[in-house]
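Multiple structures are listed underneath, in structure tokens.
After this come two complexes, each holding chain A, first together with chain B and then together with chain C.
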Partner chain A sequence: MAVHDSSISGPILALHQVSMPFRFPVTFEVPKHCYVNARVLRDQFKRLQYAEHEVTRKALKYIARNTELPPRARLEAQLQLTSMPKYTAFNQIRDRCVATGNSKSLIRDFKLNRTAFRDRARAGLIPGVKVASW
Partner chain B sequence: MLSRVLKSHSANLGVIRRSFGTFSPVYNSSSSGPETTSDDKKSAKFSTPQEYIEQKKLERAQEEIFQQNLLEEEFKYQPKYISPNEVDPITGRPIPINVELLKYKPLNLPKTHGHEVAKLKFRGYNEDSLIRAAEFAARSAYYLGIPTNKITSLKTEKRLYTVIKSPFAQAKTKQNFHRTTFNKELVAFDANPEVLDLWLSFVNKHAIEGVEYKASMTTHESLDYNKQIDALAADEFELPQAYEGTTDPVAKKVEELLKSDTFKQFLEEKK
Partner chain C sequence: MSLLKKLPSQARINQVKELSASIFGHTWNPSCKRNGAKILKADLRGPEISKYYGVNDSMPTFSDFKQWFPELKLVDPKEAYRLHMVQDRKKRNKGAPKKKSKSG
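Up next, the complex of A and B:
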């Protein structure tokens, strides 16, 4: 995986002077626990990137939100935070079906899409789940 | 000594000494018990204080004599087994009692003080494995000498999942599924922490797959516990020192950032 370290701790101006910009393709480990397609891979990439930059993001956010610190330092932190790539943000991560890679009508408890869930539930493959009748 | 006293006492009260066999079992006491006339019943219902005291005395004496009789007579040891207690041809021994006990509900010891020390909660989708896990814990508690109560069932949860049966145009047609989660609880009393630790680690070691175990322990603190806590914070913390030696990676990063040249200038400006 290409090391992406665009001098986040340095001043903003330095961002443009980074010698080697971050660019695709990036090699990273393909997830083995689930069905893989392009969108799953894209999501996996975001997850890995978020994990890598989590500490920095949280630290910057802490500085930016801390009212005890001088306003200029807070602004600086906020600017650094916004200058970080989008794929390092948590809100870019979307849960996907483990069986089909679908992201719509996902049942979180099982990490399955509704069709994948229904097939499995009807076959009795999910522990504790039965066709309800009352 | 006691029996002699009781005997003389009972003679005064007019209690007839009866052997154990003559006492009728509890379940048909109503049919074969001593006959009571309607007058007796009436007097039993509206007795004077004096009469009531006498009656109670008589009952107590009768009870004590019964207890004595239980101790005096020798019983023939005739345990009733579910399975025939045959000698195993290979080992040359009968089935051990603790193995036989697996066919019964787990035994539990009486509480000595009734101080709750731990609460074990079991959670799972399969009730049979849940019972197996809970009974295993109860039996091991019995053999470790930890008093427990009986295994109690807690509320069964049913989570409903409604999915559409077929997509788009027929999306109104739904199918309901539910997941049942069973809950059981076992409360342990009066054990000291070492024994409790041993028990919990043993239960943990032999934990069954598909059952979620959760143990919460209750400990007792001295009455000056709040003073102990206050004493800890007696020396005032200064903020930079308070964060010294922290293992939180975010805190470390914050420190690193604030010490960097960019942030340093802003921090100095303020001063």
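Up next, the complex of A and C:
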């Protein structure tokens, strides 16, 4: 089995190279006050990008939807809107549990998954919430 | 004052409505033309959405305190517990597998 020199020096060289590049096109601060996993990071990136491009998107959408403007401008606006990166769209954003990163069975008022909510509520960590009985 | 014998014409009433809308900041679109006004009318919600996972500067974390008061030699109990468990697992040969090198 031939062992190529490059394969041996590869990992050793890597230590002297630049640290791993940030995995998103734009660098942002990782959230500190909630559970963080890859999906939460992706969602946070989308949220920040949506906030950044919101005005542009709204303007383009307005131009595309306004029937009183010339059709060519409307078409161009529509094309430009669809060519915007998809991580700037609002519908890509999904609320996630702040304790577990889960996006299912979320209770919006608490930003928690149903199980995380139950755990925290039973531990008394959610003010004003107690076991129901009536 | 003088009593009206009959109501003003519809055009005149519409003029009043238009003026009233401009005074009170309402929209006036009697022919219901689709002019995209509802897109401009809606509030911007970017800031609220980007703050969903919390604002990092709102509260300091344990690592911030460690940085500000190094002389106190603070120890985070949660982090210490986590490191202890990692050590334990390594002792039992259950630690995380070695990272696969790029050339592999």
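FYI, the second predicted complex is superposed on the first by the 108 of 134 C-alpha atoms of A that agree within 3 Å, B and C clash if a C-alpha of one lies under 4 Å from a C-alpha of the other, contacts with A are read in each partner's own complex, and residues count from 1 in each chain.
Everything below uses one rule, namely that a residue touches a chain if its C-beta (ideal position, glycine included) is under 8 Å from a C-beta of that chain, and two chains touch if they have at least 3 such contacts.
Predicted model, so just to flag it, every value in this text is computed and none were measured.
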{"item": "Contacts of A:Y50 with chain B and chain C, given as first, second, both or neither", "value": "second"}
{"item": "First, second, both or neither for A:D109, with chain B first and chain C second", "value": "first"}
{"item": "Partner chain(s) touched by A:C34 [first = chain B, second = chain C, both, neither]", "value": "second"}
{"item": "Chain B versus chain C as contact partner of A:R120, first or second or both or neither", "value": "neither"}
{"item": "Partner chain(s) touched by A:R42 [first = chain B, second = chain C, both, neither]", "value": "neither"}
{"item": "Which of chain B and chain C A:R65 touches, first, second, both or neither", "value": "second"}
{"item": "Partner chain(s) touched by A:A73 [first = chain B, second = chain C, both, neither]", "value": "first"}
{"item": "Chain B/chain C common contact set on chain A", "value": "10-11, 55, 58, 62-63"}
{"item": "Complex contact set, residues of chain A against chain C", "value": "6-7, 10-11, 14, 29, 31-34, 40, 44, 47-48, 50-52, 54-55, 58, 61-68, 90, 93, 95-96, 98, 111"}
{"item": "Complex interface listing, chain A residues touching chain B", "value": "9-11, 55-56, 58-60, 62-63, 69-70, 72-73, 76-77, 105, 107, 109, 114-115, 117-118, 121, 126-133"}
{"item": "Touching residues (chain side chain B, partner chain A) in the complex", "value": "124-126, 158-161, 163-165, 167, 175-181, 210, 249-250, 253-254, 256-258, 260-263, 266-267, 269-270"}
{"item": "Chain A partner contacts - residues on chain C that touch it in the complex", "value": "33-36, 39-40, 42, 44-47, 49-50, 52-54, 56, 58-59, 61, 101-103"}
